[in-house]
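Shared between the two complexes below is chain A, which has chain B as its partner in the first and chain C in the second.
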Partner chain A sequence: MNEHAAIPNARVSRQRTRSAGASTAYVLRQIWPLFPALAVLVFLFALPLAWMLPESLFPEGQFSTAIYAEVLGTSYYWTVIGRSFWLSLVATVVCVILGYPLAYYLVRVVRPRYRRFVFMIVIAPLFTSAVIRAMAWLVILGRRGMLNETLLWMGVIEAPLRLLYSETAVIIGLVYIMIPFMVLTVAAVLENVNSTLEEAARDLGATPLGAFCRVTFPLTLPGVMAGSFLVFALCLSSYVTPAVLGGGRNKVMAMLIFEQFMRLFNWPLGAAISCVMLFVTLIIIWCYNRALARSTGGRGQEALL
Partner chain B sequence: MTAAASATLRKAGATSAGIVLIRVAAWLVLGLLLAPLIVLVGASFSSVDYVSFPPRGFSLQWYEKFFADPAFVNSLILSAKIALAASLLATLLGFPAAYILVRKRFPGRRLAWTLLLSPLLVPQIILGVALLQIFTAAGLATSFTGLLLAHTVAVVPYVVRTVGAALVGIDPSIEEAAGDLGASRLEILALVVAPIIKGGLLAGALFAFIMSWVNVEISIFLSVTGGYTLPVVLFNFIEYSITTVVVAAASIAIYVALILVLLVDAIVGIDSASKL
Partner chain C sequence: MVLSKVEPPATTASAQRSHDTIVNIAGVAKSFGDMVAVDNVSLAIRRGEFVSLLGPSGCGKSTLLRMIAGFEQPDAGAIEIDAHDVIDVPPNRRPVNMVFQSYALFPHLNVFDNVAFGLRRKRLPRAQVEADVRHFLQLVGLEALAQRYPTQLSGGQQQRVALARALVNKPKVLLLDEPLGALDLKLRKRMQTELKQLQRDVGVTFIYVTHDQDEALALSDRIAVMNRGALLQFASCRELYDKPRTEFVANFLGEANIVAGRVVEPGPVAVVEVRGHNIQVLDDTQAQPGDQVLVALRPEQLNVAVHGPSSGNVLQARVKDKVFLGNAFTLHLQVDPDVALIVRGTDRALFDGLVMGQAVAITWPLEYGRLVQP
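For the complex of A and B:
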């Protein structure tokens, strides 16, 4: 009855003397406002997701792992899965390189009166849909797009470059979408790192770069890891950006799922790929939670919540 | 000049060089974040129908065409309706739930909390196909209700998290006093707690609205008969071709985003959006 002992409520303490049945009824009466939301989440989230497993394991009413064998035994699917991982990895690394300086600037450097403005610039793209952000890169990277026209005008190139519908275009699009997530995660951790530590290192003779590399950066490393896991997981499951900027030839996992459900109507196969993706994502999210827990000294779970 | 003083000077010089470097890097990235949105808005004022930036000429004709096309206008209205209804519903579900989760201790509390937040962790496309299957079986796959419920599930976590955070700092003795004076649980929630955490509630509802408004990867599976939300319409367009009307439509969504940013900043401070 530990959980009852933790309730700071006199009326509940009195309940402890009653029978277990009465106390269960009492707890249910206490927490009923929770139930509508829980019911919605169970019936429209947990059960539909769980349903994917039998859907893919009992394709014709009988247990069979044939679909999984097909997915994991066909080199085409491995190429697509490999490409998804590769693109996500590159995008994540670029996000760290571009996001860290901005996070540092936001927390340590920017003058207080500009801080809100900088914050707005970081947040604003999050308030537009991924379609709009991918569309912007269509305009910039297209055959007659801004970049090609500029390079042609400057005489750097003689014929327009083929920039769109390539892995590079997908990476650019993913990085653009993910930078805010990286910046916000690293900035949140950096805010908890005491800036006097870096000053102390400087006073003890460290160069600014040395103080940063040996004091501040290691302390923010869990934040960088957390941001990287988050960005990696989001990249791995993104659909819109690769579909718009990658063209049909550079398929990623999410595009396979869409195709199976909306074009080929092979739902069991789509469900199997979804289960694989969900499994991988949950492992990455678990790593994210652990990294966040380390960066906040064990308060990670609460920080996420 | 003493050695110590020159060391201090050297230190200060090196610091400012490093700081300048960080400033430059940070503003380059900030430029990168803003540039694509500026390019779209700029291109929408072009007077030719192929997309160009810098815009050729100046005209508002593409905005006129957008508002003259019922397909676009209906999708704008559908997006707004879904986002409003989903954020309202998510608040009605999420606020009482967050209140119980923060205030009460009971077995399974942690599990309930995890469940209510887990739509944030699951890839949206998977939630989309999972709901497509269930709704197809239930005959809701192309209905407004289906799309609304899907969006509600996806945005409930934003309400729970924001309202939960707002409740943590509130002294529960006021609610207990109201209870002792005979207020029912619902009265306490609506008349005592809600006014106290008004800001958190508004922020939660606003974040829910935004996340529904920008959603593509769930909406794309659950088109309402005869209509799509604005992001899905734009997606279907740009898979084939991109014209200035589409860019004008995107620009309208960017204006809405800017208004929402200012709204969030005015109501709860832009810093609070960092928990999105």
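For the complex of A and C:
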């Protein structure tokens, strides 16, 4: 078989040598489909980001780390940073716990004929504005909201629970909004895991749960990882949900940054907080990636990023 | 596969008891919606036997295998393995193991861990797992690749890992679902030989699903021919080839001339009228006078003579075409505008002597002409 494979290989390498002479044209021909996306990223993401650093480091036209010293030295900012990460982490974990079974159900239980329909149901909430969806939770979780009324009527509780304007409310709202992203990401990976592998595991003596834990779940780990990143990043940057459901007390980073930029017009401080948050996020992602790569024997890494 | 000497497992001794049934399938039926996949199949497989389930795709052979493994529940009928009813036993507790068509190796585990999977589910001591896995990897000649991942192996190597992974559990029956289907022809031939050798060495009963008649003939002690969910005939290779009961079996195993005729005289040796010629054929089907019947004649069992007998068991024909095949030749002979027979032979002098349109007589020993059911 190897001698047959050598022929197309030879052709490819010849092509490469020829194109080496006109390398710029060749590279351009290869990467032009990237340009539109690249342009969007450069103008809407990279440039504003690049602007943040000088904005925070040269507050009055002169280099100064005073603002960073202020951010890092004030416990209030650390509390908000900590709360942001904590809420995002809990919401992500809940999304995995609720989203994985749903994705499994979609891919392995729902017949292909109905699958598109069920996918639509999962995605449907995304068609509504985040503001409206957060408001809907106000109605449900309020002091005389649907949940409290129902529980009172059933006699489960005697006085209405204080659900709204708490971290719990924020987490509920975040999970509700983020779960489609988790489900879709996990389902995409699960679809590519051959169900014969589960049969093979059963055949070799594994119980249904054993087959799942030892075969299916490890193989969908890249999907869980990608979904977690997505949900975590979206939670961390979400503004509306914590603002509406958390009340004024449970401030998160996005609210703080918004405040500095739009209400207090302290752009250097807003930029500094943004940079600190980006930096901490990158460190967390890097650690997570390393930990997972080690646990999957180095093969998880190629599946993600 | 480097076939080192294996200490004979317990099953080899019992394989000597020839009529010891290991798998008994009785009246098993299975439908998927409107589609009948397996239709009232009964089959008794002996201990230590190599049995093939042979038939075209969609004939129900894989479904039958999956019911033995426990992946499908039959709608009706019983399945017994080693005298135990297994209908309500889940796949993980049946004493059988399967080699899947696409091997179904676990891509996140290396070769060693793939093979060790079943042993670890039984919670065997670590040292024994290690020893058993090494032993079976050695048996299939892959001990050097224990640390590789499935994607780093060739098709043939993956196949061997799948075999080792199943056999290491010492199953009472090994189920193989077209295990050589994904390999190229040359490798397939080699694996056939190795598979047969392996089966002899480990003494385990093999049930082998294939649509390839040559593969089934090369490997099996007995073959069960299936079509459209039904079991048509279950017999040794020789018996299937020499005494096909139906037109389908006659055509599926080897080549056959199928000629339509009418019964003149019934009996174990029936007289059948074919286009004005009365010929004698063997009949197990108890056809009645006047019945429209089919006669099967194997191309290589027919003789052609320029000056043959004009009466008796003979068909008169004219040469329509001659095809030289190197080691043999094929003659297309026209008995009648509607009836043409194919004859295969190796007699070069005869072949060279024949000219197009020449009248010849086709004869055959009595035992090679046989009535078959449509």
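Following the convention adopted for this analysis, the second predicted complex is superposed on the first by the 232 of 305 C-alpha atoms of A that agree within 3 Å, B and C clash if a C-alpha of one lies under 4 Å from a C-alpha of the other, contacts with A are read in each partner's own complex, and residues count from 1 in each chain.
By our rule, contacts are C-beta pairs under 8 Å (C-beta built on N, C-alpha and C of every residue); 3 or more make two chains touch, one makes a residue touch a chain.
Predicted model only: the values in this text are computed from it and were never measured.
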item: Touching partner for A:219 - first (chain B), second (chain C), both, neither; value: second
item: Contacts of A:81 with chain B and chain C, given as first, second, both or neither; value: neither
item: Partner chain in contact with A:194 - chain B first, chain C second, else both or neither; value: second
item: Touched partner set for A:210, first chain B, second chain C, both or neither; value: second
item: Which superposed partner A:202 touches (first chain B, second chain C, both, neither); value: both
item: More chain A residues in contact [chain B versus chain C]; value: B
item: Partner chain(s) touched by A:231 [first = chain B, second = chain C, both, neither]; value: neither
item: Chain B and chain C contact sites that coincide on chain A, given as residue numbers; value: 202, 207
item: Chain A - residues contacting chain B, complex; value: 3-4, 6-7, 27, 30-34, 36-38, 40-42, 44-49, 51-52, 55, 98-99, 101-102, 104-106, 109-110, 116, 118-140, 142, 144, 146, 149, 176, 179-180, 184, 187-188, 202, 207-209, 212, 233, 236-240, 243-244, 254, 257-258, 261-262, 267, 270-271, 274, 277-278, 281-282, 285, 304-305
item: Residues of chain B touching chain A in the complex; value: 11, 14-15, 18-19, 22-23, 25-26, 29-30, 32-37, 39-40, 43, 50-53, 92-94, 96-97, 99-101, 104-107, 109, 112-113, 115-119, 121-127, 129-134, 149-150, 152-153, 156, 160-161, 164, 185-186, 189, 210, 213-217, 220-221, 230-232, 234-235, 238-239, 242, 246-247, 250, 253-254, 256-258, 260-261, 264-265, 270-271, 273-274, 276
item: Residues of chain A touching chain C in the complex; value: 1, 194, 196-197, 199-207, 210, 214-215, 218-219, 296-297, 299
item: Residue ranges of chain C in contact with chain A within the complex; value: 69-71, 90-93, 96-98, 100, 102, 104-108, 117-118, 121-122, 149, 165-166, 169, 184
